[in-house]
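Several structures are given next for inspection.
You will see chain A twice below: alongside chain B first, and alongside chain C after that.
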Partner chain A sequence: MNKSKTYPLYFTFGALLLYTILFVLPGIFGIGYSFTDWSAYSDKLNFVGLANFKTIFSADENYFKILTNTLAFTLVTTVLKNALGLLMAVLLTKHIKLLNFHRGVMFMPSVLSTLIIGMIFTSILDPSIGLLNTFLNSIGLGALAKPWLTTSEFAFGSVMAVDIWKGVGYIMTILIAGILSISPTYYEAANIDGANSFQVFRKITFPLLLPTLATTTVLNVIYGLKIFDMVYAMTNGGPGKATTEVLYTAVFKMFSTGQYAVGTALSSVMFLFMVIIGYFMIRVMTRNEVIE
Partner chain B sequence: MNAKKLVTKIAVNLLAWIISIISLIPLLLIFLNSFKDSAHASDMNLKLPTLPLAWDNFANVISKGKLITSFFNSAIYSLGSVALCAILAAACAYVLSRNNTKLNKAIYMYIVLGIAMPINYVALLKIMSFFHLINSRPGIILLYTAVQLPFSVFLMHGFVAKIPVDLDEAATLDGCSPVQLFFSIVFPLLKPALATVIVLTFLNTWNEFVSPLYLLSNSDKWPMTLSVYNFFGMYQTNWNLICADILLTSFPVILVYLLGQKYIVSGMTSGAVKG
Partner chain C sequence: MRKGKRIMSAVLAIAMLGSFTACSGGNPMASSSNAPASAASGTAAAGSSAKQENVTLTFMASQDWIQDAEMKLGAEFEKQTGIKIDYQIIPSAQYTSLLMTKLNAGECPDIFGNQSGRFDIQTQLNVEKNAVDLSSENWAGNVDKAAAEELSVNGKLYGQPIQDVSSVWAVAYNKNIFKDLSIQIPKTYAEFKSTCEKIKTKKITPIYECVSDGWHHTLWLPELGPVIEAANPGLSDKLNNNKATFAGNSTMQLILTQIKEMASLGYWGNNYMSNKYADSAKNIASGKYAMTIANQGFGEEVHKADPKFKADNIGYFVMPLADNQILNVNPCGPSRFIYKNSKNIDAAKKYLEFMASDSSLKYMTDNVSKFNKLPYSNAPSKYTDTIKDFYARYPKTGTVYQTAVKYVTPQWANIGSDISALLLGEEKPDEVLKNIDKNRAQQAKAAKDSAWN
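Moving on to the complex of A and B:
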């Protein structure tokens, strides 16, 4: 059987064409445009060298804050989602009544629209009528009731907390699958040796779950760097100057105000960064296929 | 010993319930307040709505928020890209998986890299306006498809490898053309993976917000997410209406989630867990 005849290359052309034109080309053209003064105000494009990148990385502009915000958001949500997701996964692989109900309910927030979750939480975190502060006041913890989204002190933390609330069920679900794929013989052996549950976790579950945790980390990092909807719906970068501004919201603002060149330069920095991360991610994700 | 076991058992069950309740409260809040009148909903609390239920919130939202148009837009965008993505991804993954040449391996890597890649929207707009795809329904469908392809190809690629090659050989000997072989023999066998791709693509495209925000300035072409956000800005004080709008927008997602949970979980965990 002639493989190239039975499996003709043109079967891939549809996917390749769409993906290349609408996904890859914008990234590559974008890098080109980053070296120009492209804007909504003039029809002419001039080559300006590295000027846009100098603007982005200069300390006196907000852009540097935007980059560090995005990285902080990614780091914090990745670490906490992994930690909480792991706890929940361990909890939900024990003998619990209505196990599937709990798993289903905890996973549900991750399938809902991020934008809508953000909108719901602007109400829940409202300083005066919000559900959270009303609840804190009613159980005598009024001192903990804060203006969550309206002060620069708490806004970024609040956005991250909501994002963790939304995404932790997804991580939990992956980790549950990971735990269930660990061979039960390890646990039987540990049981015979009289290991307690903490020892079992530390010596068996955790080490054998590390490859899965590597994947959830990569998925979280990719998601975190691209975050937009959540911030846009909850604070739109505010309160004050760039308190919660992240890459994608900044790019959208530059686009709306016609500063295309700076916007595309910022996007390009992200593009290159994520292609590199992506390369490692693929190595992790396709590793399993090779084993099969 | 037994007493200690019982305490642990109660503790873990209690903890599970607490986490589940924390996961459910925001949704419950939306559900309850979408049946209240404007005055009762202004506090956004968890009290049960008073009778009679304010069913007219839904009618109100549908007319004020132009929800019928948005619903059809969302449906067209999602169904269009689901169909396109499923067929293109299946055909592409099938050939890449079956004929494992160096070139095909490189193509696979190139496509799967898109799972991590961010879109440069500013430059994308330039390219899309060149093809007259801005403010256009086909434009959105093609873009959604392009964005969903990398993960779908990844999912399909792993699945095709599990289908025996003997079938292909027998069919080819019987005189099947490559197109016949794919559509009448292999494609039906891909059903489980297709179901996963369909469900995930539907959810992702239904929830998509950024792309239409950049591409669609014409409100007649807005999907549900964009109109619910716009509505949120216009009726900020009327939480009963906002809740009704959110409920209607999320309803298809929740329905698909409940019906297709198996496929969502298998899709989302593939690649992450060996086996």
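Moving on to the complex of A and C:
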């Protein structure tokens, strides 16, 4: 017996039971249902094997595009939210006037409801009467006024841009906390050695902030893979067939047309997807971690 | 070893987070029904005329289905009975998805709106399971026969019509512009194209189309069901028995090609992807656009948007794609249903009775410009000469495909997405039709339709 353990193992049983009932069992049931013909149209449930998965992966379905869209959304928003969040965090830990006001303004969009932001931006980005294009036209930059949400060329970029605008303040706040937890002695030493700002950032701030960046990356990736409300409110997967369709809007459409089993099968694929991505991501991030 | 455990535990945590959300079926829009079930509803059940308190009925409907006049009547109803109606208006592109999710999750509001249609209310809505039988209500016998048939399953009436179904979706045009340019009503697609060209030369956009709503531009295809049927007699029966497909049908391919051509030639203007149906009357009144697809109450709507514009200056003709000259009739329209598991069924029945009363029907006809004759025997009529002339011009009539063919209405939004993909150049006409077949087959199989299994 390991004497360093403070509490006996059975102390975990309560938590494990709750975890199993609330998380593990629904997950297993969900995967189980994806092998049936469960639908809103019938009360009977029959085992259909891999039929639903065949539907999902058949050549005439659009799911590959949906998977790629979800991955692209995750990658772009994660990279840009981290990069912009880091930039703002570095700026907003300097001695500047009205520091908390600036931090508050940047954080504000994160507090608002995603659906409301989506609806407001649908109006702002309207090509003919939207605020953005009206403004661009009024200052003589009419050439930059584009149909932001109504063409396949710009729609996905616009949705991602709004999501980044909304989420960057949140990431910035976490990174500010990370920067403030770095001991000032490092900076004092660097100052004495005559290091410039960029060197201080590269040799002190960035390396010591890596664990915090790992956390924000994990948060962003999980958020990106599960994105639903922003896309739903702004384009509902359109324009056209699947320009901005992501996994959860597709699952939502399946469920709403009563095709539960196909929807559940798609969720199961998503589950597998997240396990694989999660596994590799955490392996990479814990590779250089020192275990005390 | 310890590192391995850490990795595994972190992976499990992420995976479970994902699976938990995945299995929830995704219904972030579902709001709790704010209908406080109280003993008060029991009082209503007893038919007491005494004012009751604390009952709020939620009524969910798609945008454009609930008129201001109905909300005013709702306020009057509250004064009389104490029953408050909370109208939840949902953007039309999202309505069907949201309603089906709420029905499937068992969180449906007390009253919900849906298009009527004898096939779809049975297979898609499953009214026998989800809606209250209204056959024995006092007003049930007043509903026009054709409209009642589209709201009935196995002889039982499940819904109450909201709108005028006598009018048809047709091209509504500004008579002044046509007169100024000496344009005659087009009878073929070629004539329609030359009409649009003439209008374009005057820097007026020929047609106001609104794709962003997700439903309006879809009208151009299923509403032309009569001309499709005329070219292929018996096609709707074959489609309903899975003996024919949409794909490969030359008339439908032609219609889709002409839809794409109208947009490409600039007849729909530059902003058709973001235009909104709610702005159509305003835009026609402004004279910036000459035509739009609308019902026969549209003249009144334009007059309301601009009092200087006379309602009679809007004329109508059938959509001339594929050289159509048949009037497209449809006895179906948005209707009210009472949710079977509602805690306020009796209060909801009272509301429906109130809405079908002589005075309410008169009030709705007088105050909603697009209503000419609601489908009730006790509803007044207000057809103008322009509308009578329009109906008389097309002696041949046929039923639209969303009513004549099964599994079309439930995928209206999907057809809309496919047609907008066609407009963006992502799909070809036959791909749009193949997708309609595919969605129909999926729904039919899920519904265990014997023709598909």
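The rule is short, and it goes like this: the second predicted complex is superposed on the first by the 244 of 292 C-alpha atoms of A that agree within 3 Å, B and C clash if a C-alpha of one lies under 4 Å from a C-alpha of the other, contacts with A are read in each partner's own complex, and residues count from 1 in each chain.
In this text, a contact is a pair of C-beta atoms (placed from the backbone, for glycine too) under 8 Å apart; a residue touches a chain by one contact, two chains touch by 3 or more.
Remember, it's a predicted structure, so these values are computed and weren't measured experimentally.
Enquirer: Mind working out whether A:126 is in touch with chain B, chain C, both or neither, as first, second, both or neither?
Expert: Touch status of A:126: both partners.
Enquirer: Identify the partner contact of A:239: answer first if only chain B is touched, second if only chain C is, both if each is, neither if none is.
Expert: A:239: touches chain C, not chain B.
Enquirer: In the superposed model, which partner reaches more residues of chain A, chain B or chain C?
Expert: Counted on chain A, the partner with more touching residues turns out to be B.
Enquirer: One more residue to check, A:39. First (chain B), second (chain C), both or neither?
Expert: Once the two structures are laid over each other on A, A:39 reaches chain C alone.
Enquirer: Would you sort A:111 into first (chain B), second (chain C), both or neither based on which partner it touches?
Expert: first
Enquirer: A:260 contacts which: chain B (first), chain C (second), both, neither?
Expert: In the superposition, A:260 contacts both chain B and chain C.
Enquirer: Touching A:26 in the superposition: chain B (first), chain C (second), both, neither?
Expert: Both chain B and chain C are touched by A:26.
Enquirer: Scan A:150 for contacts with chain B and chain C and give back first, second, both or neither.
Expert: Touch partner of A:150: chain C, not chain B.
Enquirer: Touching A:8 in the superposition: chain B (first), chain C (second), both, neither?
Expert: So A:8 only meets chain B here.
Enquirer: Can you list the residues of chain A that meet both chain B and chain C?
Expert: The overlap between the chain B and chain C interfaces on chain A comprises residues 19, 22-24, 26-27, 29-30, 115, 126, 222, 225-226, 228-229, 232, 248, 251-252, 255, 260, 263-264, 267-268, 270-271, 274-275, 278-279, 282, 286, 291.
Enquirer: Looking at the complex, which residues from chain A come into contact with chain C?
Expert: The touching residues are 19, 22-24, 26-27, 29-30, 37, 39-42, 55, 60, 115, 126-128, 147, 149-152, 218, 222, 225-226, 228-229, 232, 236-241, 243, 248, 251-253, 255-260, 262-264, 267-268, 270-271, 274-275, 278-279, 282-283, 286, 291.
Enquirer: Touching chain A in the complex: which residues of chain C?
Expert: Spelled out, the residues of chain C in touch with chain A are 2-3, 6-7, 10-11, 14-23, 25-29, 93-94, 96-101, 103-104, 123-124, 126, 211-212, 214, 270-271, 273-275, 410-411, 417-418, 420-421, 423-424, 426-427, 434, 438, 442-443, 446-448.
Enquirer: Would you mind writing out the residues of chain A in touch with chain B in their complex?
Expert: Touch residues, chain A against chain B: 1, 3-9, 11-12, 14-16, 18-19, 21-27, 29-30, 33, 88, 91-92, 94-97, 101-102, 104-109, 111-117, 119-121, 123-124, 126, 129-131, 134, 165, 169-170, 173-174, 177-178, 181, 211-212, 215-216, 219, 222, 225-226, 228-229, 232-233, 248, 251-252, 254-255, 260, 263-264, 267-268, 270-271, 274-275, 277-279, 281-282, 285-286, 288-289, 291-292.
Enquirer: Where on chain B is chain A touching in the complex?
Expert: 9, 12-13, 15-17, 19-20, 22-27, 29-30, 42-46, 87-89, 91-92, 94-96, 98-99, 101, 103-104, 107, 109, 111-128, 131, 142-143, 145-147, 149-150, 153-154, 157-158, 161-162, 168-169, 172, 178, 181-182, 203, 206-207, 209-210, 213-214, 225, 228-229, 232, 239, 242, 246, 249-250, 253-254, 257, 261, 264-265, 268-269, 271-275
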